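Letters A, B, C and D mark the chains in the order given here, with residues in each chain numbered from 1 onward.
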Amino acid sequence: MSVVMKPTATRAQLDEVIRKIESSGLRADVSSGEFQTVIGVIGDEKRLDFDQVKLMPGVHDAIRIQVPYRLVSRSYIPKDVVVKVRGVSIGGNNPPVYMCGPCSVESYEQVHRIGKQVMEAGAHILRGGAYKPRTSVHSFQGLGLQGLEYLHQAGKDLGLPTVTEARSEADVEKVAKYADIIQIGARNMFNQDLIEAAARTGKPILFKRSFAAQVDEYLSFAERIVANKNRNILLCERGITPLGGSFKPQTRFSLDLNAVPVLRRETPFPVVADPSHGTGRRDLVPPMSRAAIAAGAHGLMIEVHDRPQEVLSDGAQALLPHQLKGIVDTCNRLYKTISESEVPFSSDIANGNGQG
Amino acid sequence: MSVVMKPTATRAQLDEVIRKIESSGLRADVSSGEFQTVIGVIGDEKRLDFDQVKLMPGVHDAIRIQVPYRLVSRSYIPKDVVVKVRGVSIGGNNPPVYMCGPCSVESYEQVHRIGKQVMEAGAHILRGGAYKPRTSVHSFQGLGLQGLEYLHQAGKDLGLPTVTEARSEADVEKVAKYADIIQIGARNMFNQDLIEAAARTGKPILFKRSFAAQVDEYLSFAERIVANKNRNILLCERGITPLGGSFKPQTRFSLDLNAVPVLRRETPFPVVADPSHGTGRRDLVPPMSRAAIAAGAHGLMIEVHDRPQEVLSDGAQALLPHQLKGIVDTCNRLYKTISESEVPFSSDIANGNGQG
Amino acid sequence: MSVVMKPTATRAQLDEVIRKIESSGLRADVSSGEFQTVIGVIGDEKRLDFDQVKLMPGVHDAIRIQVPYRLVSRSYIPKDVVVKVRGVSIGGNNPPVYMCGPCSVESYEQVHRIGKQVMEAGAHILRGGAYKPRTSVHSFQGLGLQGLEYLHQAGKDLGLPTVTEARSEADVEKVAKYADIIQIGARNMFNQDLIEAAARTGKPILFKRSFAAQVDEYLSFAERIVANKNRNILLCERGITPLGGSFKPQTRFSLDLNAVPVLRRETPFPVVADPSHGTGRRDLVPPMSRAAIAAGAHGLMIEVHDRPQEVLSDGAQALLPHQLKGIVDTCNRLYKTISESEVPFSSDIANGNGQG
Amino acid sequence: MSVVMKPTATRAQLDEVIRKIESSGLRADVSSGEFQTVIGVIGDEKRLDFDQVKLMPGVHDAIRIQVPYRLVSRSYIPKDVVVKVRGVSIGGNNPPVYMCGPCSVESYEQVHRIGKQVMEAGAHILRGGAYKPRTSVHSFQGLGLQGLEYLHQAGKDLGLPTVTEARSEADVEKVAKYADIIQIGARNMFNQDLIEAAARTGKPILFKRSFAAQVDEYLSFAERIVANKNRNILLCERGITPLGGSFKPQTRFSLDLNAVPVLRRETPFPVVADPSHGTGRRDLVPPMSRAAIAAGAHGLMIEVHDRPQEVLSDGAQALLPHQLKGIVDTCNRLYKTISESEVPFSSDIANGNGQG
């Protein structure tokens, strides 16, 4: 339910509505715009008397939620959200942000060395996995806490903010302590408890879409982040399972760039693309990076390693540092070209949705 | 890696190999057959010197793992595993087991009333959700601990073992305390930390296949249960996302019965089918229940409610108690018919795999 | 559009409505029930003045089509259609019909030899491909016309009706001349011109669902057969592309048995399952055959070869003749068991659809 | 099989090998490079004695085909193929080509009026459907021959080459007579007889990938075009069925841009993207058009209509003429930006395939 307050509603009336909501065991998320205040009601709506709320003083209307998500939609938050991380601004009209680094943190020396290279190539944020989600119990599962410390120290020494994955609820506190952005991986997109735990830290959340989720489902789970009073959300497209599966010798996943303009239109949050996991092949990272930026992505997450033949995980998709520089330069030019054209990114959102 | 010991190996030699494995930071799972002892090595195999192990006294051979799963395969555990839960035996040549009850536990009265009805219709195990995985933060999320207590009490009063889902690592201890079988839901199939936490309780695990997982991936995650010294596994097929998705007005998921004979051949564990979630439609539950048993399923998980129009979740797929009785009777006859035919279930596994 | 005539409408009034429809460039398909005559309007409905038709004498109502198919639905043809082929009755309450034989016709001797074996194992109809749809131009494409002649002669000599595929419009006339049932293969499910050409021969059509089609789409294309005045339709489920594709070492396709009860409920036509192509593995044919019959299939299409190591196509999925006998015997018993139970197949259709 | 001739082989030796191939009932396709002549063997290879061919005079080697396609691969045709249509060059290093027009030809006036508008907006080729593939028999199926004549006349009057679909083998001759490029639609990608009939006309073929085809399968069917001595192939990505299907309110299909760089690397043929059908939504056409060009597409196929609310098919995805101009201008700038960067399109192909 969304409760729309009258423009003339007083603070006391607003508080009364919030009290009513909370006394029914639900939560209230207040969104105050220039002209209007809307209260998002979070939780099982059957517990709240809809008609009663409608009649409370100061209430203009109460609207039942028809779509599975509401708090993440542009009708609730109309303007672009810009997420700021230690001086880096992501989203809105800001130029592309590059989050780069090794798949796994293997040592301080390794993550610092690669971090330096990606920084020189134009990256703004350092990525590296400490808690690795892996299919096989027989594979390398990440360095854990030690990996977090190495990543944190390398980021500090280089002056780069960091992002790393919290794989389990047990990791959240540690990741929140050491990293600047908490990543929720694709396999955990349906893990509502982990999402909510991460959201409650207040830290920015890089929230990856599952390879098996429709955009609707994806946004329904993103809804849980806002429902926990956290709007620092980076949405991330990282590839869906293509029809008929493993496109060997082609690609394991299909980076679904259609999601980029759809997400930009539906939600106010920055949208990031991950062409490394989204394709699984180093040679596809350059063209799909360019395509992601052209489609409107606010940033890219790219795996980089200077010795890909030696890595403990995902070597086949890691870019070499010198390749990263070429991608960053070209993508920045594409961004500029489109921004200065007669139909810049913002017109993708402004125009009618073509569905009528 | 699997280390195959010589038939003549001594206990001391075995212990020495185990010590070697554990001192490398890995775990050893010992499987002793009539003629041969095999040690399953669990963890990142790069940390163990393969050639050194091969040369240790008492070792016949050390074999690198070529498939993503090994501990759950019939080459590691050749004979059917029968899971026993408070007097109910599931798997092997035992007749079908029915796990029935409401989607969500709503009150003691409700779960006891429905429990009594399903028991009279032939069910052996009582199911009911306390921690519900839900797409929307705006839906009913289950009664939590109170739901566990109601389910436990109803099961005790009726003399039925119980099964319920642990949605998060934080739930595992409570679910293990109150229920006889811990369910890992389809959305958590990729949640390795939850799976391992549940496995470590030693309780039987009903492990549902994700709607987005290949059988290979599914078994790779089941591998984590055996790797935590727990062989009480019930595999559960509950529907995959069909091509082109929502088969409206047809089915949301497609119960993938091909998985039943594939899982029975590949692994020794009991295989259960869930036609309620697997189809999402009450009218498809009877024919797909029959089909699951005919395909070789050792049991069925079926949602039943006597007032489906009133339920807080998934009413459209819940069967009525009198319908359950018809299904149980017919399925038992089908089981008997096939068991007594010239080509009983066991011949599905005995025959060549037809892949040459 | 469906035009529902009044019970009191005269033949002249009916003819007048048909004339009106045909003069607008559309076709009229008349369905006369005990109490009511309905005219199905076929073609682009925008060319017909809806309101005018409603006002014509004898017309009770004119209803716009809301679903993509109508002529194949039970609301248009309420009673089960039984397709009769040279003494073999398929559909309704008839026991299962088995259509068996080699993937490809390779010689008269081969198809006669295997035909004799499948007949002795209980098969009713002889199958064999003459025009083979193949992915690679470098594979065997079938014997063509000569294959048709061999199949026809073997069927005649053994007293078995025959079924074979028409791959192209150019094949239709020849196949209609030589075979008793024209098969439209899964890859041609979207080939509207081929479907209509085959339908116009008036021969029974075995119409396979594409591995990539929703049930809705499938029925929309089946609609074209009835639209061409042919109701001798055998619907055939033969496997969909599973999520994530090639389930190696599992299955290439997933036989989607959910389609069997859905199709039986939605349409009056016999439903056949093809576990050979639907799984691609010989060892899965027995369990999935049993499951298909238990789900309500009216028949099975099974590839059989006595020398599978020598065949020119699809050897890995061909059953041996002695295996066929076991399947036929068990499936016949399963059919009998369910037919004689308190909830026979017909109750799957009679009960509410559970969607409310 | 590919037969690689020695550099010193004589014309007579080459002819002898061709004779040997053809006398075995197969076809020979000769590809002469600067230094080497390779003969592609087309048809069922089992009919040719491999070892015998290897020993023939002038033969350097005979190689069995390991992949399902060979004649369309860069190992067979290393250099980019540029397809020329009445003065328009598509592929290689040529700037993007735009193929635009209405979904269906409805009248001469309509196709000429829209054709003029798209030409002024920068389009090079006029598209319009005369034989429409439609799911429902109750929808508009196109004007047929009359539509072809209108399209042909409009193209002639405007000086634009034309492209239109041949839906059935029966259409091929007519389409070849009236249009400059024959389109094979996505639903006919598996229709081998239609593909071969179209190829034999020698006309350029715009060959659309099925929404249900892996890239491997797609190229296997493209192989049939070269096997019929036609190398004028335009490959076209037009969207795959996304997981979980209808992404409502998102997109019906997912334009799979990963296919663009994969196809450019694997084959020498021009690659075109169709963002109109690939997304089904007008508002997604601009961002996905930009993304397609950035990914390396040689051209775009875009539906345009000046009165989308009136069209007989697919109005929701048709762009307005003034929108087309914006897309063309921006895409041309993106092409120029990338071509002049340090890592132009050609470097996508030149670099290692990243799969080691």
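Operating definition for what follows: a residue touches a chain if its C-beta (ideal position, glycine included) is under 8 Å from a C-beta of that chain, and two chains touch if they have at least 3 such contacts.
Keep in mind the model is a prediction, meaning the values are calculated, not measured.
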Field: Distance-maximising chain from chain D - centres being C-alpha averages
entry: B
Field: Self-contact between copies chain A and chain B, residue sets same or different by half
entry: same
Chain A and chain B: spacing of chain centres that average the CA atoms, whole Å: 33
Query: Just curious, how far off is chain D from chain B if you go by their C-alpha centres, in Å?
result: 47
Statement: Per the C-alpha centroid definition, the whole-Å distance linking chain B and chain C comes out as 36
- prompt: When you check chain A against every other chain, which residues touch at least two of them?
  reply: 211-212, 214, 217, 241-245
Task: Provide the residue numbers of chain D that touch chain C in the complex, in ascending order.
output: 41-46, 65, 68-70, 133-141, 167-170, 187-188, 190-194, 210-212, 214, 217, 220-221, 223-224, 227, 241, 243, 245, 312
Query: What does chain A use to touch chain D in their complex?
result: 211-217, 240-245, 247-251, 254-262, 265, 278-279, 281-288, 290-296, 309, 316-317, 323, 326-327, 329-330, 333-334, 337-338, 341-343, 347-348, 351-356
